[in-house]
Each structure stands twice: as structure tokens, then as C-alpha cells.
Amino acid sequence: MASLDRDFFVASFRRMAVAAEVNRDEWTRLDGQIGDGDHGINMSIGFREVVKQLDALPDDTDIAGTFKLVGMTLLRRVGGASGPLYGSFFMKAGAEVAGQSEVSVDDLPRMLRAGVASIQARGKAELGDKTMLDSYLPGLDVLEAADLSDAVAAFSSFVERMQQGSDDTIPLQAKKGRAMRLGPRSIGHRDPGSQSAWQLMECFLEGLKGIQS
Amino acid sequence: MASLDRDFFVASFRRMAVAAEVNRDEWTRLDGQIGDGDHGINMSIGFREVVKQLDALPDDTDIAGTFKLVGMTLLRRVGGASGPLYGSFFMKAGAEVAGQSEVSVDDLPRMLRAGVASIQARGKAELGDKTMLDSYLPGLDVLEAADLSDAVAAFSSFVERMQQGSDDTIPLQAKKGRAMRLGPRSIGHRDPGSQSAWQLMECFLEGLKGIQS
Amino acid sequence: MKRLLNDGYDAVEELLDGYVKAHGDVVKLADNERVVVRTTLSAEPKVGIIFGGGSGHEPLFLGYVGEGVADAAVIGNVNTSPDPMACYDAVTAVDQGKGCLFLYGNYQGDVLNFDMGAEMAADDDIRVETVLITDDVYSAKDKADRRGVAGDVIVLMAACAVANTGADLDTVKAAAEKANDHTYSMGVALSSSTLPVTGRPIFDIGPDDMEVGMGIHGEPGIERKKLEPADAVMDEILSIVLPEMQLASGDEVAVMINGLGGLPLMDQYICYRRVHDVLTEKGVSIGKSMVGNYATSMDMIGMGVTLVKLDDELKGWLDAPFDAPYLKQD
Amino acid sequence: MKRLLNDGYDAVEELLDGYVKAHGDVVKLADNERVVVRTTLSAEPKVGIIFGGGSGHEPLFLGYVGEGVADAAVIGNVNTSPDPMACYDAVTAVDQGKGCLFLYGNYQGDVLNFDMGAEMAADDDIRVETVLITDDVYSAKDKADRRGVAGDVIVLMAACAVANTGADLDTVKAAAEKANDHTYSMGVALSSSTLPVTGRPIFDIGPDDMEVGMGIHGEPGIERKKLEPADAVMDEILSIVLPEMQLASGDEVAVMINGLGGLPLMDQYICYRRVHDVLTEKGVSIGKSMVGNYATSMDMIGMGVTLVKLDDELKGWLDAPFDAPYLKQD
């Protein structure tokens, strides 16, 4: 597989913006059940601004700079818990490849791990707390163990495991975030951030499929 | 037919209180279409207090005094347009027989005419303005022309004519009261006061029936 | 829609009881359970300002009783004018020998009852004058036939500002009349209010409809239309109110956005923004702004725009110090 | 339920634009479109009081920016904490060299964002302290884990009263902490609020149901129950809040009835009445009363009771002069 250039990532971020629009009401509905019903709306507000920023992306912005711009924009526009978490996620992921004009598929697990580490550092949640980490953490374990020579297969299993992790949040009682205060009433509902997380990561998978085919 | 004593009127007023409860939501619904939806509620508030007052009616209160008490109570408790109008109606009707401990059926048309005259004096409405006068005025004309030796028949035709007068308000455009401001939109709806008016007067008819049978 | 009440038949008495308990430093009930009066009247005798109408419009009328504002509020049943006795009792409670002014919206029921109250006061040789408030543009062709809505508050402010100077009854009355002449309102409702006694709305309205020209008692407006975005609704209101006022570039106005009870402040400020922008565009300047629930219809979702054409005199009156629970400025 | 808005994505910007246009004598936007600041800061340098959180709670937070009250409000998306940059920009806009205090309700998102803002300010050598408001009794067992609701306004008043004396940051922070420690709230919701972007409620609730312990963002409460009469609902709230506060005969409290946006003032005063009567019955006196929409959830039908256990110091703070559009007292 060819190495990944800035355009690959720009296209992935644009796909995420589409995903945020398409899934807005679903993420919002999930957040309405155990949170404050704004997750989809705020992600859509954030990614609308991401698209505007990408439309005006200076030619000399490198991959790390693009990640930083996306992260900063989400940080600025999304707010709430997921704004800083997704914001740091993208900023830290990009910082892993600072100065590189291209990255290889092999760099991706490291980038995503750095991003997730920053979610952990900021949010202090653990596996099983019913947050986006419940899809990210098991997903990343799978990705790091996968054979990256078939990038599409590797990312498929990554995203599938994340999705499974999201399903697994349903029976959990929340220990972090707004849903925590619900106590046992949070049981039986999917964590909205665990859903948006795998659907955003799926956008990288789509990009890889485009290259491989 | 025997002459009518205070108890006849007290019983009639109690019957009116029942009518106000029973028809509360219907009068309110009518007033909701072209007014502010309070007619039934306010009449019920007023007549609930009337009942309280009648429960404590001093023995030495005569017929005129009873009418005055009912009128004053409606004036105090009903408010809006119909409070002062019904209030004066009963006060003036009673004043016609001041000092009498009994009245004859023949006195009734004169009493009601005096009451209606006070509605006209206060409200300055005319026939066809889409108010309670549209049932009172034609009804009274019939009553005054009727043969009072059959009191039930006379009052039946009085109440029927009032009811007809109320029906006749439906196609009218209101020229007085709150509905006036609706202009042509008031057409097609019954005036709520024209409805309550005949249903209250029907309570005298019921009383007469009780005596005659 | 849902309310948090006890028996609806007790709602008005419980409201008044709660109000005087919460604001006992400012108001009390007079010897009549429907009359809210200041705990202490003005030290300098002044014309008594008596404001009133039905309940269900809170903070109108009782919220405006206080120092330098109304001396008494007379309160009727929900959406219903007060009774004559209450109007009269308010006069005897606050008259300081300079006479009283009745201020209320122009509704048949209120006129009947307040007039009877004034007649009773006249029998006691207390002079009572009346100014009917008629700001609701859409309710009748002739200004004198119109209903009073949120303009009640504007006229009250003018009357009180002048009464506070110690002016005589004629002067205070003239100020109120002038304020009323300069005040124009129009509103829309997106829902009915819910009556305490029945627990039900007064009228039905479709989920995508609005009623243009709605009165604050739930009287139907003049037209039912599809609900539009806030800016379009403001444009429509202004397209009717501005020509009516014959405003021209260089004129100055006060703008009040009045929420009817169920409309969030967010929406009200978004409405204000459009009114501001349209007026500015036309060269009309805004000398005073008021946004909030001034005269409500309980839980009705809706709002009205009130514009007051200002001159120096009116502006001074509206900027006077007032200190009632729902009208404080210095 | 129905709203009067334009494109929901523009609601917050339009709200802020409308607000500063209506209250331009008091506030303006900082160099950040989500930061509302006083047009002129205090002549005597004082600790900067920065209040904030999501939008949709109006008049919270922006309505409390003004003379002697908050120096800035930082505003997020609807129901969403503001971003770190806005928190930081508020600091640089109002710091007068005495440091700033962040006051906001205890929510994960707000903590994340305000903390990042404070870190940025620390890089500029501006000291920022934080007091998290945690008054919502029903939201967690430990006081420190609880959400902030209408108690935000109480804590703000205390912090501002002390900041206005020229006290240093530690003293102001301690006052805010004390006020928070003394403040307990609990509420009920009868409906969801309606989100501007989707135009839809956040959650469904049956026509005869209420949600007990509802948060002001529409977070579900702890229990869904059949709607009861106002007095019964107040009794239930007090049966939880009073033991929590360990109030005894002879104690004095401030009582706030906070309307969530769609509940009429009539209902709020009826609720106040019951709270007053129950407290009086228990020998608890009421040193201060506040009734109205202080911290809303847009059009949500509901209310909360906030009680503050008073001592002389706290009472003095709550009775201090304030002059913001939505908090005026002297």
C-alpha cells in the first residue's frame, strides 16, 4: 500500500464531517437517554467548522498541522466533554508524526494510541466506565496486534472491535461523564461517545479501502 | 299555581349552581372559540360561592334580599363582562319585588325585564350584537305575550325562544364584548353568554314544573 | 401542557398568598384578598396609581407594585377582570387625598368592573380617573378600540414617573394618555395557555401553526398561519407596526420584547436582535430596550413586540427610577 | 414544543448578538464571540469573577454580568460547556492583576474545558482559582460529586459581594466555597426542553408524569413518577432537602424557587407558598426569598427549590447591592 499523504487525511476528516451530519440525530438520541442530548449536535457543529477550515487549508500545512487544526477546531467548537477529548485525541495523534510529509500505515496505531492516551490523561476514565474508551481501548489492542500488511483487514478488525466495545457499554453502569449521576438508570443504554468513536474511526477505514482498491 | 316564596327562588338558584357546574366545560369551550375561554369557569366560581351564601342565608332575608345576595356574589366572584351583567340582572330583578314575602308568577316577566334592562344599561349592547341579549330580548317578548295562567307552558316558550335566540347568534358577527375584536372570525360560533343565559333561566322553568306537577 | 398547581379553583388565592409571603417587605394584601398594596405608601402624598386586570399574566399586574411604581394591583380570576368591590377597595387603600388613576387594558369586562368601582369611590368623594391602554395594533382598526397588552407596563411607567413628582391627577392622567398614544404592540402565539381550573388549553393549534395577533388572554388572533423562522415573524410584525406608527429615519423608539410565558429568553433575544437590526437599517434609533416576560399568558408560547415612539419627555419618564419586584431601575 | 428561532445552528451566536445589542450599556463581547464582559470594569481593581457554562439556561450566565456581579460570562453551545479558549479569553479580558475566580456547575465537560483555560492563563502568570458549584442534592450522594443548578446564582452572589470589597482571591474563593457548602437544591421537570438544532425534545415524558431530580440540561432525574399537586411535590422535595441540610427550629434560610423556563410564575408562587408554610411550621425563618426564572433549561416545564442555610455573613453577602440586567438589588 502506498504511504499516506496529507490528502488522505483531509479526505478522511471530510468523511468524518459527513458521518457527523448523518449520525447527528442518532448520537443525539443516545445522549438524550443517559446524557443531555447534545452529543450529535455538538459534533456536527464542530465538524461543520472543520470543513470550513479544510476548505481554506494553506498548502504548506503538513499532516501534523492538519491534525492540529482539526483538533483545535473541535476543541473550540464542540465544547462539553467530547470537545476537549476528541480535540486532544487528534492533536496528540498528529503530533506523533510532526514534520513528516507522508506517513505509512505502520505509523497509524502509534498515532491513535497517542490520541487515546491523551483522552485517558484528560478524562481519567478507565475501561468499563461506559465512555468512548470502551470502544477505543479494545479496538486499539486489536489494531496493534494486527498484520498491517493488509491495512484494510487490520482496520476492519479494529473498527469491528470498537463497535463491539460500544455494544458492550450497554449493560454497564456509567462511572464517568454526565451519565454517572444516573446510577443504575444508565444501565441498558449505549454510551453515545463509544458510538461516535467507532463511526469516526471507520472513516479512516473507508479511506484505506479507497487506496487499496 | 301557588304564589312563589323565597324557597322557590333559593331552590332555583341552587339549580343554577348545578347548571353552572354541569355546563362549565361547554360554556368554557364556547368562550374558547371566540373569547378567552373563561366563561364557564367564572360562572362556576361565582355559583360555588352563591351556594355557600345560600347555605348560610339568614331566615329574615326576603326574596329581594336573596336576589341581591346572589347578584352581589356574582358581581364579586365572577368578574369579567358577565360578572357585572349577571350581577346587575339579579339585583335589579329582585329590586322589583322589594318588601314582598311572596311573588306571583305574574310578577316574573316584570322582574326579568328589569334585570335585562340593567344588562342593557351597563353593557350598551343591542339585539344582534351577538351577546346574551340575543337570547334574553326575544325570549322576554315571548314571555310577556304569553298566557301566564299556564306558567309552565309560558316559561317553556320563553326558554325555547331564548334557546332559539342563542342559536341565532351563530351566524352573527360580534359587535360587543371580547369577540368583537375578531371581526368576521366570530361568525359561525355561538355566543357563550347567550347559552348560559337560557340555561340559567331554564332553572326557573324547572322550579315551576315542580310546583305545577 | 403541564402545570404545577393544586386545585385550580384555589390558584389565584394561592398565587396572591405566595406573592405577598415572598415579597412581604414590599407588598401586602389590602382588606380585600384580591388587592395587593404597598406596605407603606409614599411619604409625600401623591396620586394613587392602581393597576389591574385578570390573573394569569404574572408578573403583570402585582409584580409592578412597589416604590415609585403602582400603589396597588387589583386582581381578577384567571383572564378575567377584577370585581368592582376590589377596584373600590384599592382606591380606599391607597388614596392620599390627591385622587387615583385606574390603569388597565381596554376590555369590556374590565371597563364594566372598574367603572363600577370608580362610581363607588365617587360616592366617597374620591376622584378616580381612568386611562385605558390600547396598544395591540392588530386587535382593532381604531386605536381607541384596541386591546391592551404589554403596553400596560409602558403606560404604567409613564404615569408613575409623573405621579412621583407630586403632580396632580390631571397631569398624571395626561402623561398616561400620551404614553398610550405613543405605544404600539403586536404579537404571535405558538400555543394556547393552560387554564388552572380545567387543566386544559383554551384552544387547539397545529404543531406547525402560529396565531398572528393573539391576545394575552388567549383570544384568537386575526390569522392562523404556518410558523416561520423568528426573523420572518419579526419582519412581518414590523411590516404592520412601523407604518402604523409612521416611523421615519431619525426617530427614536423604546423596544420591548415581551415573552408570553413559555418562550425561552434565548428566543426572545433572537427576536430582539432582528427588531434591532431592522430599525437600525431604517435609521430609527433605540433609546431603551426591555426584553423578558413582562405580561404573560401563563404558559403560552409566544411573544409580542412593543414599540414606543420617544420624545425627550417620554424618554425621561421611562428612564425614571422604579423599585418593584419586577421593575427595578435607577 | 415550539420555539421561535432561525437556523438552530445560529441560535447561540444570535442570542449573544441580541443580548449585547439589548444591554449595550452594561455588556459587550470580548475578542471572543462566546465571552460576554462588562463594558467597563470596576474602577477599583478587584478579583475578576468569571461565570459560565452552556447556553440554554438564560438568564444564566450572561444575565448576571454587570456592576458588582460577574465580570464575564463564558458561553458554550446549548447545554454544553464553553471551550478552553473562551475561558482563557475571559480571564485576559477581565483580570485586573488580582487574579480571577472561575465559578461554574460541576460537570465533567466544564471541568475539562475550564481547567484547560486556567492552564493557559497560568502560562501568562495570571492566577485563576475555581469553585465548582454542587447544589443539586439528588444528583449524587457526596456533596462534592453533585451537579450545579440554580445554586450557581447564590454562589455567584456571595463571591461577588466579597470581591466587591476588594478582598484577595483566596478570600473570595473561600466565600464562594462557603456559599456552596450552604446551598442545596432539588427540582422536578414535567417536560423536556426543545433543542434549537433539532427542534425536538431531548426525551419523552408521559402527559401525567414528572421526572424527579431532573438536571437543568435535561439529564434524566433519578425517578419518574406520576405528576402530583404542587403542594405534594414541594413536600416531597423538602422531605429530602431538609434532612440533608439538618435544619432545625430557629435556623434561618434563603429560599429560591427557580423556574426552568416553561413554568408560569403563578405556579412558582404557589410552590413558594408551600415551601414558606412548611418551613414556618418547622420554626425555620426565611431571611431572603427569590422567585423566578434564574437558571432555566429553555422551555422546560419544571422548577427547583434552592435553600441556603444562612448565618450573618452569608446573609450580608446575599443582600449586597448588585446591578446586572437579571440581578438588581440595593
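Note that the chains are named A, B, C and D in the order they appear, and that numbering of residues resets to 1 at the start of each chain.
The rule is simple: a residue touches a chain if its C-beta (ideal position, glycine included) is under 8 Å from a C-beta of that chain, and two chains touch if they have at least 3 such contacts.
This structure is a prediction, so every number in the text was calculated from the model and none was measured.
Colleague: Check every other chain and keep only those touching both chain B and chain D; list them.
Modeller: Joint contacts, listed by label: C.
Colleague: By the touch criterion stated at the start, how many steps lie between chain A and chain C on the shortest route?
Modeller: 2
Colleague: If you average the Cα atoms of chain A and of chain D to get two centres, how far apart are those centres in Å?
Modeller: 32
Colleague: Roughly how far is chain A from chain B, going centre to centre by Cα mean, in whole Å?
Modeller: A distance of 74 Å separates the two centres.
Colleague: Please work out the Cα centroid separation of chain C and chain D, and write it as a whole number of Å.
Modeller: 29
Colleague: Mind pulling the chain A residues that touch 2 or more other chains?
Modeller: Not one residue of chain A touches more than one other chain, so the list is empty.
Colleague: If a residue has to touch 2 or more other chains to count, which residues of chain D qualify?
Modeller: Chain D, residues with two or more chain partners: not present.
Colleague: Could you draw the chains as nodes, link the ones that touch, and say if you get a line, ring, star, complete or other?
Modeller: line
Colleague: Quick one: which chain pairs are touching?
Modeller: According to the stated criterion, the contacting chain pairs are A-D, B-C, C-D.
Colleague: What residues on chain A touch chain D, complex-wise?
Modeller: 24-25, 28, 32-38, 41-42, 44-45, 48, 75-85, 122-123, 176-178, 180-183, 185
Colleague: Over in the complex, which chain D residues touch chain A? Could you list them?
Modeller: It is residues 9, 54, 76-85, 107-109, 112-113, 116, 139-140, 145, 147, 195, 197-198, 202-203, 215, 217-220, 222 of chain D that touch chain A.
Colleague: What does chain C use to touch chain D in their complex?
Modeller: For this pair, the touching residues of chain C are 1-7, 11, 14-15, 17-19, 21-23, 55-56, 58-59, 63, 188, 190-191, 196, 207, 210, 227, 229-231, 233, 261-267, 269-273, 276, 289, 291, 293, 296, 298-299, 301-303, 328-330.
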